[in-house]
């Protein structure tokens, strides 16, 4: 094995296992690291403010304890874990936290977070649920409110140029992630799904400049791979909300499948859509986050008048990915208590059927302890499509 | 030369083994107990004894069930879903929907006309959604488990059990008993409660006849009647429901050997040692 | 078979007021009214939710609301929701989701599959709508997803989903700095609803009628607040058990003369009871607040159980979806839609200013404190319904924060040197757990045990209260 390859992927492994290592150092240097959850937080705004956006993670191997004394157990289990870790001071290096209107779990627990955690900066960004022209107008105003609150926090103005620059740099990252996904198109893929998830997870913990540099090195390394380390197997697509760890994907790989594409937060959902450049940057951000991110939380009007037309509009990007990455089957991975995804299960199932992609629907809680049950289902699914 | 194939189903409560060539030559249902998983090899040995075969005579061994991983005397492992589907399809060529009512979980499997699985769903998260529910209630009432089904059939007026939590249902049953509700009515109510949940799960697939029920629950006539009523369809049951997993596993092994022969490729086997399973 | 499935009908629940007792036939009339309207086909029927702030618009356009949450609640109260919940589960929907929605979607799928009402549908069933109108923004995710899921089985029925946001309480921000653009958005969304309905009904909005109805609902809001204030009397003349009935005109009949008249009568009845010193409980020992959570609709009898222990419920946060316009400082406007939008914002930000003035407070907590004092409350009961994140997340924290910043109960404790010291304790609280309509989550034995234990705590506070 080439010494350099050991280098960058080793670094990724280190930052993945000791999550927040770099952010801790930066915070000690006096940089303002701002935690966030969910694809809807406009990261460019945080970067433009001179702060570092840091994606808060949970830990599926750590039982929720402290968090339960303050937060009900009926919230999203992933979110519950994030809160538990925060309450246990795992993220004490953060200067603040930004929570968007992603879902009820986030909205309804905002007071719990903002009153019980000791950060000096908290902000809630209200994201519209519908996608009308007036929604973009409203969202733009809401983004400017977010901008003002960051200016107050940092004591520094955020100019339109700052935003334009941040947009450019974040778009670069999105391009690099797209390039990384290209390596998944080979059969078998040149890069494992678990490797991709590790890289993207680490990327969301670094300042965007460093994340770009990391991706450059990773792309170079994978580009140097002459042959893949993976074996041929069923090519799988993972559909769901946020999977911030490699356990599920690793399990699939152990059983003989290759995860080649996804529609996950911390995956294609977050990283594929670009922010438009030129023109008003706040409007561009509003259009990207509300219009381009495809999440069940955003209500897309049924303009077709038929169910088939409706699902094609809502899930068409999945069909495109399935074709592009030559997918053999898909796993729909939904957390218990998740309303946005939960209510879409019948429609998503029907859609996958319509594009002739076999689907395994898994409902899970956020815990390492369920891997045994998942193993049987995933293995049976691979046996079924294999 | 006749080739022999073996299937071993290491379940959560007992291990089952089947040896076959053109037909089944031996089948063994092991005893329950805390050590049964580790001592799965004993069940295999018993099957070999009954078939009068040495272990080396077995061409291919497939393991399935909860304890299928790390079986030192198996060549391959497949899930119970695939194995039950194979086993039932061989016994009932007309089967399209299979329901395995186990002690700890319940599975529903849809197969097409060729015996291939098209969809499946399982519940293994909660005692109230498995055969365990009946066991606990039988225990509460002090009635032997193998009599509850028949007893429930005597009911003229099934009680309504509203609690699905096994623990609360126990309370509810005990309270109802104290109020003088006859045991057959309570049992019928409990069976109905469980089969409602089973049919809710099964209805997530497109149910098509013929429907075959297997697993321990298939020996419970009360459960079968209630399930048949819930689904609105007739139900078929194999003669020995407990071995359909092991049967399917052995058949899978046979198929793999046939496929290898057709391709003129070697059949990949493992170094099998007939010894205890190491439990980590 | 069907008879064996259902339990014996629960006995009619005792209420403290005649007004509350008159609700049953009113609710039944909703359902039969919608079925009649469907059959006659002259009016458009709209599936819709409460707290969408659009009753004035619907009534001005003569659209008949089919309250889907109400129907699910009825299934729950009749203990006949399970078969619809199971139906929804068979579609792939998780039992952990809003059980109102599961019940509704399960029912709709069944009705569409059969081409007629499912057998023995409660009170004749839920009528097939012409349109579906929802709002989820900030309030509730299921409300944005429910009709979308039902539309799979009714693809010819269009949905108008609107955003009615309000600014979240943020300690470093004055809501008035942002509510200008919130207002603008809400107005556009409401005007969008008007256009949608104009298109669907083929009629134009009568803005004079809308203005009248808005004025009527304004007066109803004020009247309800004045009426409920009377419950602060000692003994309390009407409790939460009754309020779970009187929520019907409040939530389902707003902007109608009937609703206004109902509260005129209720107010009169309460004034008379207060004059006679007649309480909802004969010997009132404890005054409790229902501090949060939708009720368990199949277990409203638990309020009577509380009553039997000497506990009354002068006030609840649940379904008190009105606030006095007289105490809101919202801008004046002649345009009824702009006024509705201001009223919406005024309602949701009602406690913000007060919360900012008290260290550690927060609007929901502030409301609890204000009502504890106004209604002379001894203890708080909350209900955690597992399937509803909207109203049940944050309750644990509210009680925790309340206990931290508000300790009104004086008790004597043994101090240093054997002297009696006066310390202040927080209010005792109780959290009950089950669900809104899924009865399988409810244990009457467990619940009543918890209530008994809570009463004992209240009693020990009552007798040891320092003067």
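Letters A, B and C mark the chains in the order given here, with residues in each chain numbered from 1 onward.
To be clear about the criterion, a residue touches a chain if its C-beta (ideal position, glycine included) is under 8 Å from a C-beta of that chain, and two chains touch if they have at least 3 such contacts.
Note that the coordinates shown come from a computational prediction; the quantities given were computed from them, not determined experimentally.
By number of C-beta pairs in contact, A-C leads over the other of A-C and A-B.
The greatest centre-to-centre gap from subunit C, using C-alpha centroids, is found for B.
Here the CA centre of subunit B is 47 Å from the CA centre of subunit C.
Distance from the subunit A centre to the subunit C centre is 35 Å, each centre being the mean of its Cα atoms. Centres computed as Cα averages put subunit A at a distance of 40 Å from subunit B.
Looking at subunit C, residues 91-92 sit in touch with two or more other chains.
Residue numbers of subunit B whose C-beta contacts span two or more other chains: none are found. The touching residues of subunit A, counted against subunit B in their complex, run 373, 376-377, 379-381, 383-384. Those residues of subunit B whose C-beta lies close enough to touch subunit C in the complex are 157-158, 160, 162-165, 168, 171, 175, 196-197, 199-201, 203-204. Subunit A contributes residues 69-72, 74-75, 101, 103-105, 107-112, 114-116, 122-124, 126, 128-130, 132, 134-135, 137-138, 141-142, 145, 149, 152, 296-297, 299, 301-302, 305-307, 310, 334, 336-337, 339-340, 342-347, 349-350, 361, 363 to its touches with subunit C in the complex.
Partner subunit A is touched in their complex by these residues of subunit B: 78-82, 116-120, 122, 124-125. Subunit C meets subunit B in the complex at residues 4-7, 79, 82, 86-87, 89-92, 439-440, 443, 445-446.
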